[in-house]
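First subunit A sits with subunit B, and in the next complex the same chain sits with subunit C.
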Partner chain A sequence: MALIQLAIDGLALGAAYALVALGFVLVLNATGAVNFAHGDLVMVGGFIAIALAQVLPLPGIVLLPLVMLAMAALGVVFSWLAYFPLMRRPPAAVYISTIALGIVFQNTANAIFGAAPRAAPALLGDRVFQIGGGVTIGAQSLAIILVAAAAILAQHFLFARTRLGRALRATAEDRDMARAIGIPVTRMIALTFALASALAGAAGLLLAHKYFVEPTRGTDFIMTAYIAVVIGGWGSIEGAVAGALLIAAFQAIVSAYVSYAAATALLYAALLAILFFRPRGLFGERAQRRV
Partner chain B sequence: MKKRTLPVGILGAAACLALAFGTRTAQATQVDIPILVPITGFLSLEGNSQRNGAVLALEHAPQGIKAKGEILDTGTSPEIAVNAFEKAVSTETPIAIVAPILGIQMLAMLPLASQYKVPLVTVSGTAKITQMGNPYVFRFFPADNVVKVAQARYAVETLGKKRPALLFQTTAYGQSGEAVLASEFNRLGTPLVFEDSLDTGVKDMLPILLKVREASPDVLVLQLHAGSMALVVKEAASMGLEIPIVAGSAMHQPSTAALLEPDEMKGVCAETSSTPVSSETPAVKKWLAEYRAAFQTDPDAYALGQYDGVAMVLKAVEDGAKTPEDVRAYLSAKSFKGLAMTYKSDGAGNMAHSAEIVCYDGKTRIPKVVKRYENVDAAP
Partner chain C sequence: MAVFLTAGIRLPLAALAAILVCYPIFQGDPYTLRVLTISGVYALLAIGYQFVFGFAGALSLAQGCFFGLGAYMTAILSTSFGWSFPATFMLSIAIPGFVALLVALPVLRLETHYFALATLGIGQVVLLGALNWTSLTGGANGIAGVPAIAIAGQEFKRGWPLLLFVWALVAVGGAFGWQIMRGLYGRCFQVMRENGVVALSLGIDIGNLRLVGLLLSALYAGAAGALYAHAVGVVSPEALGFPVMVACLMMVVIGGQARIAGAIVGAVLLTHLPEWFRSLERSYLIAYGAATLVTIIAAPYGIVGAIERVRVLLWPEMRPADPEPVAQRVPARTAPHQIPLLEVEDLTIAFGGVTALEGVQLSIAQGELIGLIGPNGSGKTTLVNLLTGLYRPARGRIRLAGRDIANEAPFRIARLGIARTFQTSNLVDDMTVLDNVAIARATLEGASLAATVATGVTDVRLARARGRAIALLDDLGLREHASRKAGELPQGLRRRAEIARALALEPRLLILDEPAAGLSGAEQTDLARRLAALAGNSLTLLVIEHNMPFLMPLATRVVCLANGRVIAEGAPAAVRNDARVIEVYLGTPAP
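After this line comes the complex of A and B, so read on.
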C-alpha cells in the first residue's frame, strides 16, 4: 500500500514537473535556444497566483486561467527582451540574456514579496479522499494530475489538429521556409514564448500550494526541466513528459528505499547511462519531429 | 560704567555657556556601522532580518550618538561579500561592521577584518568563524554547541524520549547541526535510531517520513531550512505521524509558521535563541511593536540578535569607545544586557550562550516559550 501511495504522490509531482518541462521544450524547439529563465518563470507564476489571491480571494481553479493569461503576456514581453534582439547573434548571447532576465525576476520577486517561502491557494481545496486500503489522494494532487493531463492533451490537439499548430510546427522545423510560405514567423515565435510561459505559470500555481514558492526556487525548476528534456530526448515533447515522470519517480519512490542522496545519485547515473547508450534520449528518434 | 559692567558680564557668560552647550548638542558623536548582509539569494530571508535589526538599532542609538550605516547586499558569494567590505572601508574605517549570516562570506571577510582592524558583528551560526583565533569577530547568536545541545536535551530530558530520529539538510548549516546533535544524543545515552539528509530541492517528504516511521522512533528531530521544515511538518501531520517533533530554529520563524495551518503544528517544538513574537517582557513587546511599525512584518531571533549586537557597539561608543580598536576591546571584555539575553564573549567572540524551546499549541501560529537553557555551551 505504501508503494501505491508513493506512486500517487510521485505521479502528482511528475505531472507538475511535466508542465515545467513542456514549456521549456516548446521554446527550445521554436528557437533552438535554451531558456535558462524558464524555472524563474515558474516561480513568477507562483507569485502571480499569490498576488491575485490577495486581490481576489477565490479558489485556485478560478485563478488558474488568469495566471496563465498574465504569464502569456509576460512571455511575449520576455521574447522581445531576451530573444528577438539577439536572435541573429551566437546562441550564447540568448543563453546569457535569459540568465540575466531570470536574475531580474528573482530579485524583483524578492523585492516585492520578500525572501520567505509563500503558499499559493489550493486549486480545489485541501480535502483528502480515501481510495481504499489506507491509500489517499489529496484534492490538490488530483487537481495537479488533471490539469497537467488537460494541458498536455490541449497542447497535443493544438499542434496536431489546428492550422495555428501547423504554423507553429512549420516555424520550429524550418524558419526560413515557413517565412517563404507566408507564415508570420516572428509572431509564431512570440506565441510560442506565450504558450511556454502560460504553462510555466500553471506549473507555478500548482506547485506553489503544496510545495511553496520562494524567489530562488526557479533554479530547482530549470534543473528539473533540463534533465527531463535530456532524458526524454532533446526537443521531444513526449520525452519531456516521460523525463519529468522519471525524475519524480526517483524523488518519490526510489528515495523511499534508499537515502535521498543515493536516489539523486542513481538518477544522475541513469542520466549518464541514457546519454551513453541512447545519446538522443528515450524518445530520440521521434524527436526528429520537433513539436 | 560699573553699573553696566555686571549685566554685560553676566550676559557674556550666559552667551558663552549657551554657545558651548549648543555646540555640544550639535556635535553629536558620528558613528558609521555599515550593514553588509545577504539581501538577495537563498539566505535573503535571514539577511533581511539582520538588516532590519541593525537598522532599528541605529535608529535607537543612545542620545548624543548619530549613527548611520550604508546597506550593502552581499548576495550569496564570498566575492560579493569581500567587494562590499572593501567598499565599506574605502573612505574611512568604520567603527564596526554588521557582517553577513552566511558562513562562507564570514570566512572570506575575517582576514580583511584583521587587516583593517575593524570588528565584525554577526549572527552567523557557522562554528568555524569563532574557532580561527580572529579577535575581530563577534557572534550575537548562539552557535550550534548551544542551541543544538538545548534541542537534544529537551527531547531527552524534558520529553523523556529515548529513540530519536534526525532529518537534516545537506547544506553546511544542516551538517554542522547534525554533528552536534548526534554527539549530544550519544552523550545523553540515546543514540539516533535513524538519520537521513535532505537536499533543499526535495519536495515530496512522504518517502523519507515512511522510512522514519519504519525505524520506530519516539521523537523526530529536524535540522532544516524553512521551506523543507514546513514541508516535513505538513507531511507529518497529513500522514498522521504521531510522534513529537523537536525542530531547529527555522521552525520558530513567523514566516515558516505562516506556511502551515495551526493544527498542523500541534505538538511541534523548536529551539531558538529568542522568540520576539512570544516574549512577555515589556521591553521586547515595545521593540516588537516598533519593529512591526517599521517593517510591516514579524521579527525573528536573527533580527533581535543583530539588534542587540549593534546596540552593544553603540553602548561601547556611549561608554567612550572612539576607535574600532576601542570597540573591539569593549566587546571582548564587557557584558551587555540585550533584549534577548545577556551577552558576554567567551574569549573567542561567542557572545550568546542561552537558548530557549518554544512549542505550538495547535490553535495559533504564535509559539509559547516552554523552557530556557542558560550557558549550555558544549565543547566546540
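After this line comes the complex of A and C, so read on.
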C-alpha cells in the first residue's frame, strides 16, 4: 500500500543526495581534493533559499536559479580561499582549510538564522495527489525528482557535448597537459567549484523544505556524499549518482520500519565495513597510486 | 646556558609560561580560573591529538568522540554508580583506549581522506548512541551533578585546586609526549609523516606507529574528557559534538602541528579567544574558522613553528659536535657466487587488466652487481616494487636466501635484508643528514615504545644509531655535511646520502633505482667508484640505469626488460650487442 509512496519519497531523497554527491565528485576529479565543507555548502544553499523567500515570497522553483547563481559565486570565492593557496601543499592542508571554511559557514548561518531547524519554500506547493487505495503522493517529491533529474542531465550534457565541458574534463584528467594545449586551467578549476557549489545549493533548496535545515546539518550531507562516492567508485560520476540513490533507498526503508537513527548508524557501519574489506572504495580508485 | 638559549624555542616558551603563571595570580577571579582550567583540559586533549595528527600525520576526526566518551564515563560512573575519582578516571581513560583499539582494525590501514571520514563516521555513531540511549546518558539533556575530584579524602574543588590539578596533569602529559618523541623512535614518526613508503623501505612498521599514535591520542582524550566532566559538572551530547573535534584540530593547527608546545599554546589561545572577542558573542567560532584558514595558508607549523623560524634567524643553531663513529660489526662472509641470494620465478603482475610484468625469471648470486636495463615503461620499477613488497604479485615466487618473501610486508622485507633507493630523491628535508641516515637504524638498535618510555636522559639508541650513521657518511664522503639539513644538499650529495641511509640497514641486497640520474659527469665517476667499492666488499647490488657508459663497466651481469618480459641476460658486452636489445632501444630491427 504505502510502498509506492515510500518509493517516490525515497527516490526524491536520493535525487537530492545525487546532486550533493555529484558536486562533491566533480571537485574531487578536478582537484584531487576532498572538500570537507561540501555538506556545509548544501546547508548554505538551504538558508539562502529561506532568506530569499522572506524577500520574495515566490515558489521554490522560481528561487532555484537565484540560489544556484549565488552559490556559484560563493563557489568561486571558496576556491580562492581554500584551494588555490594550498594546491601545492600536502592534501591534509586542503582538508583543514575546507573544514575551517565549513566552520565559518556553520557559525555565520547560526548567527543569522539561529540553531533551530528551518524550512525552505516548496518547489511548486504542498499539494498531495490521491491515487487509489489511500496512497498519497506529494507534489514536492515529484518536483524534486524532476528538478534533480534535469540538473543531472544538464551536467551530463555540459560535460559530454560542449566545448566547455571538454575543457573541464581535460583539466580534471591531466592538468599539465590541459595547460599545455591552451586551456585556462585555473579558470576551469574555479568554474568546477562554482558548478559543484551551485549543485550543492540546489540540493539545499530541495532538501530544506521537507527535511528542514539547521546550521549543523552539513556533517550529515558530507557523510552522505562521501559514502555515495565510496560505494559508487572513487571518482566515478555515474557511480556517485547511483550510490546516492542506493543510500536514500536504504535510509527511506530503514527509517520507515525502524528509525532514522538506526538508518544513519547502519549506514556509517556499512561505510566502515566497506572500507575494511575494500580500503580504496567498493570499486577501487580510478588512478593508480604512484610510489 | 648558550645551548639552552639557542636550542629549540625554550626561551620564548619559558617567558610565555611565566606570563601564564602570573596572570591568574593577579587576575584571580573565579571566572578567570575557570577559563584557565578549561584551557588545561583542552591542552591535554590537544597534546593527545598531536600523537595521531601531529606526529603520525593521520587526520583523525575521532578525537572529539574519545573526549566525549571519557566525559560520559566519568559522569555515568560518578553519578549513577557513585564510584570514586581514581576508579572513574582510570575507566574514562581505558574505555576510549579500548574503542580506539577496536576501530583500529578497520580504519588504520586507510589513508588520507578515507581515514578522516571513517573516524568522523565513528564519532557520529557514538553521538547518535548518546542521544538515543536515554536511560544511560540522559539523552539530549545529558547528566548533571558530576562531583568534584576527590582522592583519599582530599578534595580538589573548582578554582585554584582544580586548576593546579589539571595543569599538573598537562605537565605530566606534555613531559610524556616529549619523552616519546625526542629520540630515535620519535624520528621514525617524522619519516612516516613525510613519506610512508620511504618509512616502509627503512623497515619501519608504519601500521604499528599509527596504532600507537591513535591509542595514545585516545588515552589523552579520555583523561581530558574526565577532567572536563569534573570541571563543568554537566556532560551533555555537546561534549561529543563535532565542535569539540574542530576546536581541537584548530588548536593544533594554530599552535603548531607536531609540537607539544604548539598544542598548549593553541589550547590557551583558543579558549581565551571567545573572551577577547566577547562582542561577537557566540559567533566567535567564525573567528576560529577564519584564524585557522589564515594560519594553514600563512604558517604551516603554526605559531610555535613561526617562532622557531624567527629564533633560527636571530640566533642560528649551534652545530652539535659529530658523534664518535661506530664501525659496523663484520658479518660472517659466505663464499660468494655459490648459493643464489635472490631467486625470482614466473613473476607476473597486472594493473587494471594491463600486464606490467609477465613470467619474469631472475637469479642473483651473492656478491654480484646486476644491471637492470630496459626502455621506459618496461617494468623495471614495478619489478623493484614487487621485490620490496610494495606490490603483491598475481603469480610467481620471490625467494631471498631460500625464504619466500612474495607476500611479506614491505617493512619486513627491509628487515630481512633488501634495501632500496627511489628514483625521486626523498630525504626528510627538515632533518639533519646525520639523522636521516640514523633513522634507518631504528629496528637494528631496538627502538620501540616500551624502550623509549624507559629511556634515560640520553637516548643511547639514538647515540649508537648516529655513531653508525657518521661512519657511513664518512665512507661516502659526506662527513662534513652531517649536521646540515638534508634540504640544503645538492642533488649529487642527496643521492649519496640516500645510499648511506640504505646501507645503514645492513642489507644483503641493495637496489638502486636510477642512481646516476641528474648527476654531472664528475659525480657519476665518483658514484661509480663508490659502488665498485661496495661490490668489492661482497655487497650484492641491483642497479637500474639508462646510462650505459655508467652501468656497463660496473655490472657483472646485465638483464634487459621490455614490455614486462626479460628479453636478454648475460655479460654486459653480450647484452649490449643483442639484436633484441638494440631493437627495443632504437625501435628498429637490428640489421
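Basically, the second predicted complex is superposed on the first by the 250 of 291 C-alpha atoms of A that agree within 3 Å, B and C clash if a C-alpha of one lies under 4 Å from a C-alpha of the other, contacts with A are read in each partner's own complex, and residues count from 1 in each chain.
We take it that contacts are C-beta pairs under 8 Å (C-beta built on N, C-alpha and C of every residue); 3 or more make two chains touch, one makes a residue touch a chain.
All values reported here derive from a predicted model rather than from experimental measurement.
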Is A:10 contacted by the first partner subunit B, the second partner subunit C, both or neither? first
Considering only touches as defined above, state whether A:223 meets subunit B (first), subunit C (second), both or neither. both
Taking the superposition as given, does A:107 touch the first partner, subunit B, the second, subunit C, both, or neither? both
Could you say whether A:162 touches subunit B, subunit C, both of them, or neither, answering first, second, both or neither? neither
According to the stated criteria, A:264 is in contact with first (subunit B), second (subunit C), both, or neither; which is it? both
Which of the two partners, first being subunit B and second being subunit C, lies in contact with A:275: first, second, both, or neither? second
Of the two partner chains, subunit B (first) and subunit C (second), which one does A:253 touch, if any: first, second, both, or neither? first
Using the superposition on chain A described above, determine whether A:2 touches subunit B (first), subunit C (second), both, or neither. first
Touching both subunit C and subunit B, counted on subunit A across the two superposed complexes: 106-107, 110, 216, 223, 261, 264
Could you pull out which subunit C residues touch subunit A in their complex? 57, 59, 103, 105-107, 109-114, 116-118, 120-122, 124-125, 128-129, 131-132, 197, 241-242, 246, 249-250, 253, 282-283, 285-286, 288-290, 292-293, 296-297, 300, 351-352, 381, 385, 390, 422
Residue ranges of subunit A touching subunit C (in the complex, touch as defined): 34, 36, 81-82, 85-86, 89, 91-93, 95-97, 99-104, 106-108, 110-111, 216, 219, 223, 226, 230, 261, 264-265, 268-269, 271-273, 275-276, 279-281, 288, 291
In the complex, subunit B touches subunit A at residues 39-42, 44-45, 47-48, 170, 196-204, 206-208, 210-211, 226-227, 230-231, 238, 253, 255-256, 258-259, 297
Can you name the residues of subunit A that touch subunit B in the complex? 2, 5-6, 9-10, 13, 106-107, 110, 114-119, 128, 138, 207, 210-212, 214-216, 220, 223, 248, 251-253, 255-256, 259-261, 264
